[in-house]
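Just below sit the structures, each encoded as structure tokens.
One chain, chain A, appears in both complexes that follow, with chain B as partner in the first and chain C in the second.
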Partner chain A sequence: MFSEKANKHADNCRFCWMCRYICPVGLQTGKETNNARAKGLLVSLVNRGQEFDESYAGTMYECCLCGACSQDCKTGFEPPIFIREARTEAIVRDVLPENVRMIADNLMEKGNLYGVSSAEIQSKLEKLLPNRPQKAGVLLYVGQTALIKAPEISEALICLLKKASVDFTVLYSEGQSGAEIGDVIGYVAETITAAKNEAAKINTIGAEKVVVLDPNVARVMKQEYPVWGCDINAEIVTATAFIAGLIADGKLSPQKIDMKEVTFHDPCKLSRDLDETEPARYILKSMGIEIKEMFLNREWTKCCGTEIVKAHSPALGALIADGRWGDAERIGAACMVTACPGCFDVMGQCVPEGMKHYDLFILLAEACGC
Partner chain B sequence: MEFRGYMVDMICSELEDIVGSDYVSTSKSETSVYGVDYFWVSRMWADKGMEPPRADYIVRPDSAEQVSRILKVANYYKIPVQTWGGGSGSQGGAMPMAGGILLDTKRMNRLIEIDEYSMTITAETGMIFQTLENYANEKGYSLMHYPSCLTCSTIGGALAHRGIGILSTKYGKIDDMCISMEVVLPNGDIINTLPVPKHAAGPDLNQIFIGSEGTLGIMTKATFQLFEMPEVRKHRAFLFKNIHDGFQAGRDIMQKAKPSIMRLYDEAETVSIIKKVLGVDKKGAFMNITYEGDRDIVEIEEKHILEICRKYGGEDLGSEWGEKWYENRITFFYPGNIMDVPQMYGTMDTVCTYKNVEKIYWAMKNAIESNFPGVRFIAHFSHWYQWGTMIYDRFIMDDPPSDPSEAIRLHNKIWNTGVRAAMENGGVINDHHGIGLKLGRLMKEQYGPAMQVFDALKKGLDPNGIMNPYKLGL
Partner chain C sequence: MRIVVFIKQVPESEDVKIDRLTNTMKREGIRMVMNPSDSTALAAAVQLKKEHGGKVIAVTMGTKKAVEVLNQAAICGADELYMVSDPLYAGSDTYATALVLSETVKYLGGLDIALCGRRAIDGETGQVGPELSVFLDIPCVTNVLELQLKSDGRVRYKRLLEDEILDAELSTPALFAVCEGIVRDYVPSISDLRRARDIKIINITDNELKLGGERTGLAGSLTTVRRTFQQTSPDRKCVFVDAKEGAKIIIAKATEAIL
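Presenting the complex of A and B:
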């Protein structure tokens, strides 16, 4: 059963294609089911008696939940509301396609998309910061994508925090934040329980600030945790904003890096949901790097694919990433910088010949002599 | 049944062999989605939870060569082929009414070339038009084709129904903007129109396929002219006592200047839509005008426009409302602002010379309002030429019959009445939405014996009649 809110949004989107031009999936696949109107139409047809079968469910997962459609809507409708509920519905009706079932099972059983055990995650965290302080003013929340798929970013960030003499620690028992599971099974009891557990663990550190490396996790902590009743007794700050602050305060003094024809890919959760577009640009500027902007930039950024899509449909994930690389190539960029572990991993799978791919924190660590 | 099943699978295998199995679908979710376009009837069916018309195969080719092979298969088995671009057409032109193949062009979305010296851009026709515009913008140019469906229609869709954008008064319709095309004929041959549209080498092939709505072939590549971004784009709004005064002003302006936008709203639209979206709470006929280009030329145009509007008693509302209209130019079409089911509605756009415009407006208004109680008629005049203008007239019925068949019969009757009133008074069956399924039955009335030209083209190019059956009256 869809909520009244989801039905309202679906019924308004079902005959409206206006946001199609900004959908990173539909633009790449050309499939008519890959736009918000199609998904709204399918939800509305289910409400009018059509069967919600596996093909309907599969369609609902061919979406990054990047929010570009909501950003574009002049009358305020938000397709992710009914798409996320349709994913819950797919689980309730037991019609999940096999490729999605695999990652849903991983999330439910292991707490992450990749099926990595919690012991292995703890070991990765212990290696990142051996002998961590039990208490600190700042808690660095790394997130599972960075830990498992892009550990070099976590290492760079930790190096930068040390260099700036930040009093920080990490949580060895980092688990499921609710970000990934919320996108795969919806905002249901399992998601909220996971988020509450995580909030409780974070609170044991007693930090004043929680610096979150993964923008997807930061968004959920900042925007969904209060709604779900998961109170974190600290300020949630994105890693980009925190590091930009360290540079502004003179605690980090990066050297100039000689890079030409550089573009910056705004992570969609950071730019659209958290309204944060400038700290990453400030960090690049601090290294003397001039940005050649892609046509779709800042809050109009085009999603590069997401870890979730890559996990259940690798070919589709690569196709979406390829679309973003195309945007960079057309403006004559030679390098792309990202500021999100998910973007780094997803974009890294299909770097076009002759182009280079960097993570913002790794670049900065190099510029700071880490 | 078993034999039929064998042939269904055989055709599916052949199609998969051409495009790959990932690009042929028979799934319920896909056929449902391709069974509803922007046409009121398909929306009404969906709203009532009725079974949509379903294609047997959704096929998504990647190239003109693949389109060619699909059409050869379709001809062999004599199965229908309906072409789908954005699906955002209001005339039911993309609806798979005959089953068979629905060919979605959107994988053919490559940018081929931007020729900055000749000021042209070439792309495959499955590209969303806004994407093409973005690519032009990246280089500092524009196609100046801004229809309300800019963000959702494809290049091919714009060409297939002879589309128009809000800047048409200065830059022209899509048929003025297109330089050349690649077309796959129904027999699978891939042809090119001449490299330029102006010549003395017989009739213009472009204009045979533009507006053909998928009945004579499938356009796969197109070249358009590019424009430099204007140095200035200025907006202004006026309020006339009535539409007659607005027409006079509009006609005179077109003899002296070349505005990019000029839209005159009748009294009914001024107090409804203009008030709702822009907040202009005034009685009369609202007109917004935009003029653009080099600053010095625009200044001269502005002088003429102000003088002419003053001459016909137009109250100068300044630039604010014109700017607001421009900012909200697409907002009018979003859910909550645009008509939607369960209402019954339709846009009966027509075009005519100045001599007939008021006659047609009143004939259509009277025909609709006097014959169909409970039906409202509103209009604006939004694309102007030196010789005439178009009338964007709409009917709205808030409480149509709940029985779908009864509603469709009434819908068709209203359309027949309105369009015939236009045609009888010198108007044309449609200005820029096309014919599709909705108006095909009226094409013979519009063209009379001239229809044999289209019939002969259809017969010659598509002897098996597989291309988009029941559309365009062919």
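Presenting the complex of A and C:
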């Protein structure tokens, strides 16, 4: 059963199709089911008595939830609303495809996409910041993707914070922020409970600012937490904005790096949902790096494919990432910089021959002598 | 504890259109939703159930399409769902509607707490709740901002008045017409959603209530809608001026009005 809001958006999407040119999945697969309109049509068919089976469910997970369709829609409809509810429906009806079931189980049982134990997460955080302070003015929230898949990014960021003499700490253990579980099972009570628990943990630190490395997590904390009643008693700041601020204040003085033909891939949650496009560019400029902009940049960025799609459908994930690399090649870029642990992991799996891939914080850490 | 929640399916407010020929609301092709303050009443009922136990019984009266709001009620935590619908009841005004709903309550075996929204966004009369309480011979509290069930079984409530908030309590059974948004909408869990799929909607017709056509529908209605029309304003003019010019215009118009 879909909510009234989901039904309204699905019923309006189902005959439109105007956003088909912007879907990063559909552009790569060419499948009619891989665009927002098809998913709206499936939802409306289910409401009219069609059985919601495993193939429908699978279609709903062939989506990055990147919001490009919402951005493109001239009438204000948002397909991610009904796509997330369709995912909830798939779980309720127990018709999840096996590959998705595995990551849903990981999230519900272990609290992360990868099935890593909480003890291991604690160990990774301890390794990142041994003898972490119990209290600090800034809490760095690393996120499960950075911790497990791209620890080098979190190491670089911690080095930068130390270099800038920021009074910061990390949590003893990070659980579910609500970002990944919300995208896989929807915004149900389980997601909100996990988010509330995480918010309570964050509040024990008493920090004035929470610097969030993963833009997907930052989005959920800034936009969904207030709706869910998860109160964080601190300002939520993206890592890119925070670091850009440190450079502007003179607390970080990066050396110039000689890099040519560089392009920057905007993380979709950062540029589209959080309206943040310039801090990352400012950071690159502070290192003397000039950017060639790809087709579909800033709020129009084309999603890399996301960690979630990569986790349940690696081949599809690689295909979507390949599409973005194609955009870089078309403008003659020799290297791509990303500013999100998920983008770093996803784009890093299929770097075309002759091209290079960098993370923004790792580059900056080198430029600052970390 | 039996908590009966009365919910109504209404046109989504921005979709209201008037048929110029008949002066009635057009319903074809209009998106229908759960009345917003009824949605809050439902959330309040589910919250009471979670805190104190009992059962939430959702009742709606309308056409067959109104089952959609009962499905929504199941997702939001209702335990039993009742659809009251009979051709005899078509065209019922608030009085006839309240009569039908009161008989439904008696048919279902009574209640401890009745909850409804303070008014529906289509009719905006706010009459059904108080009329229902009269038929049920129970006290009624309207414009409720807050509800708490105390350990002695009494209900403590806060009520919105014109210039203050009344803080009082009373014994059950009682009816509370709640204001919009006083309780955050209930977010179901996966198991709630699975449970909701298994709840059957029970239909209640006049075969069960035995009211007959004279006391219900148009015949049983004490009010008649003579005309429905959209208030239109005469042509207006808008001129942008600065503060000084604006003051001169206001003084001139005020002087003109006085003279």
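As a convention for this text, the second predicted complex is superposed on the first by the 370 of 370 C-alpha atoms of A that agree within 3 Å, B and C clash if a C-alpha of one lies under 4 Å from a C-alpha of the other, contacts with A are read in each partner's own complex, and residues count from 1 in each chain.
Criterion: a contact is a pair of C-beta atoms (placed from the backbone, for glycine too) under 8 Å apart; a residue touches a chain by one contact, two chains touch by 3 or more.
Values in this document were obtained by computation on a predicted structure and should not be read as measured data.
Asks: I'd like to know which partner A:293 touches here: chain B for first, chain C for second, both or neither.
Replies: A:293 contacts neither chain B nor chain C.
Asks: Given the touch rule stated above, what does A:330 touch, chain B (first), chain C (second), both, or neither?
Replies: Only chain B is touched by A:330; chain C is not.
Asks: With both structures placed on chain A, which of the two partners, chain B or chain C, ends up touching more residues of chain A?
Replies: B
Asks: If we overlay the two complexes on their shared chain A, which of chain B and chain C does A:109 touch? Say first, second, both or neither.
Replies: After superposing on A, A:109 lies clear of both chain B and chain C.
Asks: One more residue to check, A:77. First (chain B), second (chain C), both or neither?
Replies: A:77 contacts chain B only, not chain C.
Asks: Touching A:126, do we find chain B (first), chain C (second), both, or neither?
Replies: After superposing on A, A:126 lies clear of both chain B and chain C.
Asks: Considering only touches as defined above, state whether A:88 meets chain B (first), chain C (second), both or neither.
Replies: second
Asks: After superposition on the shared chain, which partner residues are touched by A:229: those of chain B (first), chain C (second), both, or neither?
Replies: In the superposition, A:229 contacts chain C only.
Asks: Of the two partner chains, chain B (first) and chain C (second), which one does A:15 touch, if any: first, second, both, or neither?
Replies: In the superposition, A:15 touches chain B alone.
Asks: Which residues, counting only chain A, touch chain C once they are in their complex?
Replies: Against chain C, chain A makes touches at 1, 3-4, 8, 88-89, 91-93, 185, 187-190, 192, 228-229.
Asks: State the interface residues of chain A toward chain B in the complex, per the touch definition above.
Replies: 12-22, 26-27, 29-33, 38, 41-42, 44-45, 48-51, 53, 55-56, 58-59, 72-75, 77, 295-296, 330-331
Asks: Per the contact definition, I'd like the list of chain B residues that touch chain A in the complex.
Replies: Touch residues, chain B against chain A: 27-30, 32-34, 36, 38, 43, 46-49, 58, 60, 84, 86-88, 104-109, 111, 126, 128, 130-131, 134-135, 137-138, 149-152, 328, 330-331, 333-337, 340-341.
Asks: Quick one: which bits of chain C touch chain A in the complex? Just the residue numbers, please.
Replies: Residues of chain C touching chain A: 12, 31, 33-34, 68, 71-72, 74-75, 184, 187-190, 192-194, 196-197.
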